[in-house]
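Next, two complexes with chain A in common: one pairs it with chain B, the other with chain C.
Coming up: the complex of A and B.
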C-alpha cells in the first residue's frame, strides 16, 4: 500500500504520534545529530543520513539495570526493572540501521534464546524508515546486502519525493498508520519520482564488494601476517564497535553491596584488552592483532556461518569516526590482496 | 607542504636504507577528506606513502612505547616532541632508540569546525597557501587556515619541536599569546555554571576510551576503570560512571599533559576535554612554574618530592 503525505502534513503526523508514543528520532545533541527521545517535531533533524550514534540504544541500552536485589529478613528479594510504559516509535530510521536491527534480532530473539529486555522494547516499537536520496561518500550499504531504499524490517517507509513523501506500509501496523487523513493516494507521477530518486541514489554508491570471496579469504587467514600490519596504528579504543549499529557484545556486573544493589548490563567491546582477559591472568587475545582480527572475522566470516548474514551494514560510522582513520573499506580491499 | 612531504620522505629513505632505524612513524594520506592517517613504514620502497599536510592531527608519540624493541624514527610536531620528552622523563622510552624527525607545525585543521562551516558533505579538501579549499557536491569554499585550527593548536605556544635529531624546516613564529585563554574564560564562570557545563559534557561520554588510547601519557598497564577489585567507579554510563571517568582521566594527567588535544580529537562525542587538562596544566604552571615536556629529566611536580621542601611548597 503506497500513499503520499505532504511535508507539512508529515509534521502533523509526527505530532499526532507524539501524543500516543515515545518517539526517538534524529535530533541535535551538542553539535551533532544522534537518535534521542524528542518532545516535538521541531526537534527532529530531517536531513541527517548517518546519525552519530545508531538507534540501537532504543532496544539495547548501553547501560541497563536488569534487576535490583535487596537482602531482607525474609531472604533475598529480586525486583525486575524492565518496563516500557509507553509504546515507542523509532522515527526516520535509515535502511542500514534497520538492517542492523534485524541482525540484532537474530542474536537476541532466537528459538533458543529470547532476551526479555531486548524483545520487550523491540516488540513495543514501531519503525518508521526513510530512504537515503543522497548517500554519503562513506556509505557502502549495497556492498553488504543493503540499499538506500531497502524497506525490509520497517513498519512504514518514507521516500522523499520533493514536496511530499511517498509512504509505503510494510506491515499491518504500518497500514494502520496510513489510515490517517493526511495520507492521500499516491499518483503515478509520485511513483515515477520515487523511482528516479532511488536510481540517482544508487549511482552515488560504490560498486559492491565481493563479500563471498572475502569470507573464503578470511577462512584461510587466521595466521596471516596481514593482521600485524593492518592494525599497527589501531588505538584499541571502542569507537568502531560502540558506534556500530550491529555490534552487540555486553558484560554483566553486579553493582552494590552484599545487602543491596543491582545487576547491570553494559556494552562491551572485543577491542578492549580486558574483554577476553581470564581470571587466571591468561588472555587468549593478548594484542591488538588478535582483537582487530576478531572484529573483522566476526563481521565478515563468523556472522555468515552463525546467522547467515553479514555483521556490517555499510553505515560508515566506523569509517567517519575512527580517530586514526583506519578505514574498514580499505581493509577489506587490502584483505582481498593479502596472503 | 609539498616541500615538507619531500623532506620527510628523503629522511625516511635515508634512515631505512642505512639501517639506522627499523621503522618510521609518520602520516599518510587519509581515506577521507580533511584526514591524514598514522602510518608505520618498514621498507624504503614504501616511503612514498608518507605525507605532511594540515590534517596530521594525531600525536604519534603514542605509538613509541609499543615499539620498544625497535629503533624508531618518528615524525614529530611540537606537541609530539614534548610527549617524547615527557615519556623519556618517565622512563618509558630510551632516547638513543628514538630518532626524532622534527617538523615545525603551523597548527592542524579541525575537521569538525570545517564541516560546520560548509553547506554539505565535504568531498575534497586541500591547502592553498594560508587557506584551505573545501569542496562538496555543489560548493567550493575557501577558509582561512588560522580560523579552522583545533582549539589546542590555536592556543599552542610550542609549535616547534623541543627535541629532535633533525629539523626539516625553519622554526615557525609562535602565533598564540595566551595558551590558557580558554581556561581563563571558563574560570570566569560561576562554580554552578562550571559544574553544569562539566555535567552536560560528561553526559555524552560513551566510555569508549578513545581519549585514553589516543594519549601518549595514558600508558598504565591497567587503567583504573578496568580495575575490578576494588572497582573504583561505576561500570556503566551512569552520571557517576561518566563523570568519574572524566575526572579520573584528567587528574592522572596533571603535570603530564602537553596540551596536544589528541584526546579531544579522538572523542567521537565531541566532548570538551581540553579545558579540563588545560586547567590542570595552568595550575601546575602557576603553582610550580612547570611546563610538561620541555626538558628531559625534569620530573612533573606531582612525581617529585624534595626533602627540604617546606609546608608552603606551592609558593
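Coming up: the complex of A and C.
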C-alpha cells in the first residue's frame, strides 16, 4: 500500500505518534546527530543520512542495568529490569541500519535463548524507515547486499519525493499508520518521481561484492601476513566496533557491594586487549593482529556461518570515523590480493 | 553470615530471562591443595524447584555470581550421578575468585546454568576412554570419571585409563577420589608429579612423557585431555604417534566469558562460541581455526 504525505503533514503525523509512543529519532546530541528520544517534531534532524551512533542503542543501550540485587538478613532479592512498558517508534531509520537490526535480531533472538532485554524492546518498537536520496561517499550498502531504498524490516517506509513523502506500508502495523487523514492516495507522478529518486541514488553507489569469495579467501588466510600489515596502523581504539550498527559484543559487570547493587551490561569491543584477557594473564588474542583478524573474520566469515548473513551493512561509519583512515572497503579489496 | 535463610523472592517474567542467576548457598568449603590456592565449593539451591529443574551432563559449566564482583564460569566438578550439593573447584586467580575464596559456609551466591555442551557421552559409549589431566584442569574430568564409574553407567564404557599429573603431590586434587579409584579393578590410574620427592611412590615425569611410556592403545579409544596449554601442546604429538586421530581427541577449553549463551561475543574460536558450542571440542573441530585458546 502506497500513499503520499506532504512534508507539512509529516510533522503532524510525528506529533500524533508522540502522543501514543516513545519516539526515537535522529536529533542533536552535543555536536552531532544520533538517535535519541525526542519530545517534539522540532527536535528531529531531517537531513542527516548517517547518524553518528547507529540506532542499536534503542534496543541494546550502551549501558543497561539487567537487574538489582539485595541480600537481606534472610535471603536474596533480585529485581529484573527487563520490562518495557510503553510502545516505541524508531523514526527515520535508514535501510542500512534496519538491515543491521535484522542481523542483531538473529544474534539476540535465537530459538535456544531469547535475550529478553533486547527482544522486549524490539517487540514493542515500530520501525519507520526512510530512503537515502543522496548516499554519501562513504556509503557502500549496495556492495554488501543492501540498497538505499531497501524496505525489508520496516513497518512503514518513506521516500522523499520533493515536497512530499511517498509512504509505503510493509506490515499490518504500517497499514494501520497509513489510515491517518494526512495520508492521501499516491498519484502516478508520485510513483514516477520515487523511481527517479531511487535510480539517481543507486548511481552514486558501488557495485556488489562477491561475498562468498571473500569468505573463502578469509578461510585460507588465518595465518596470513596480511593481518600484520593491516594492524600496523590500527590504534586499537575500537571506534569501528562501537559505532558499528551490527556489532553486539558486551561486557557484564556488577556495580555495588556484596549486599546490594545492580548487574549492568556495557558495550564492549573485540579490539581491546582486555576483552579476551584471562585472569591468569593468558590472552588468546594478544596483539592487534589477532584482534583485527577477529573483526574482519567475524563480519565476513563467522556471521555467514552462524546467521547466514554478513556482519557489515555498508553504513560507512567505521570509514568516516577511523582516526587513522583504515577503510574496510579498501581492506576487502586488498584481502582479495593477499596471500 | 546469615543464620536463617528464607525462600528468596525472585521477580521474573513469563519468558525465561537467561541472565537471572538462581540463588544458591555455600554448604561447605574444602581446601584441595597444600598451597591453599584451590578450594572446592559445595553449593545447594535455595529453592526446591531450582534443584529439581537442574539437570546437567559432565563437562557443562555454570556462571557463578559473586554479587558485587560479577560472574565467572566454572565447570561442575561433581557428577550428575552424585547426590548432594554441586561442586565447583576454584583456583584463586583474580578479583572474583579471590572474593569467592574469602567466602564461607552459609553465604549466598548466584548460579546460571547448566551451560555448554558437556562431554559427548553417547560417542564415548562402548569405547575405551583415556583421560589425561594436568594441574588444576581436572575438575570436569572428575565429573566425567565419577559419571562413568557410577554403577549405572560403568558397563556402557570399556577400559578407563586415567593419567593425571601435578607439579607436587600436594597439588593433586580430589585425593580421596584418587585413593578410591586406585582401589578399583576397573580403572587404570597413573599419577605423576614433575620430579621425584621423598615419600612419593607413584610416577615421576611430565604428563606427555608418561603418556608415551604408558602408551594407551588407540584402538576403539577416545582420549580426553585437559591441562595447561603447554601440556596439551606436548601431549598431542604423543597421542598422534599412538594412533589417535584428531576426531578421537577431545578437550574442554577455557576462555574469558560473560554471558555464557553466545550473545556477548568474546569467547569465539572461529565460528564456534566456547560457551555455547563448547566448552568440549574435538581437535578435528578446531583444525583450520585460529588458535585462539
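Here are a few things to note about the model shown:
Note that in this section the second predicted complex is superposed on the first by the 339 of 339 C-alpha atoms of A that agree within 3 Å, B and C clash if a C-alpha of one lies under 4 Å from a C-alpha of the other, contacts with A are read in each partner's own complex, and residues count from 1 in each chain.
One rule holds in what follows: contacts are C-beta pairs under 8 Å (C-beta built on N, C-alpha and C of every residue); 3 or more make two chains touch, one makes a residue touch a chain.
This is a predicted model, so every value here is computed, not measured.
When both complexes are superposed on chain A, chain B and chain C end up sitting side by side without clashing.
Within the superposed three-chain model, A:326 lies in touch with chain B and out of touch with chain C [touch as defined at top]. Taking chain B and chain C in turn and counting the residues of chain A each one touches, the greater count comes from C.
When the shared chain is aligned, no partner comes close enough to touch A:183: not chain B, not chain C. Look at A:52: by the touch rule set out above, it reaches chain B but stays clear of chain C. Once the two complexes are laid over each other on the shared chain, residue contacts for A:253 go to chain B and to chain C alike.
Look at A:285: by the touch rule set out above, it reaches chain C but stays clear of chain B. Angle at the C-alpha centre of chain A formed with the centres of chain B and chain C, after superposition on chain A: 90°, rounded to the nearest 10. In the superposed pair of complexes, A:107 makes contact with chain C only, with no contact to chain B. Shared-chain residue A:35: touches no atom of chain B or chain C.
Remark: least CA distance from chain B to chain C after fitting both complexes onto chain A is 5 Å.
Residues 251, 253 of chain A contact both chain B in one complex and chain C in the other.
Against chain C, in their complex, chain A makes its touches with residues 66-67, 69, 71, 73-80, 82-83, 107-108, 110, 112-117, 119, 219, 222, 248-254, 256-259, 261, 263, 265, 268, 270, 275-280, 282, 284-285, 290, 293-294, 297-298, 301-302, 305-306.
Those residues of chain C that touch chain A in the complex are listed here as 2, 4-13, 15-21, 23, 46, 65-72, 93-97, 99, 108, 110, 229, 254-256, 258-259, 261-266, 268, 270-271, 276, 288-290, 292-293. Here chain A touches chain B in the complex through residues 29-32, 52-53, 62-63, 134, 136-138, 229, 232-233, 235-239, 242-243, 251, 253, 255, 264, 266, 269, 272-274, 319-321, 323-327, 329-330, going by the rule given at the top. If you check the complex, the residues on chain B that touch chain A are 30-32, 35-40, 58, 62-63, 112, 116, 121, 123, 137, 204, 206-210, 212-214, 226, 231, 234-238, 241, 265-266, 268-270.
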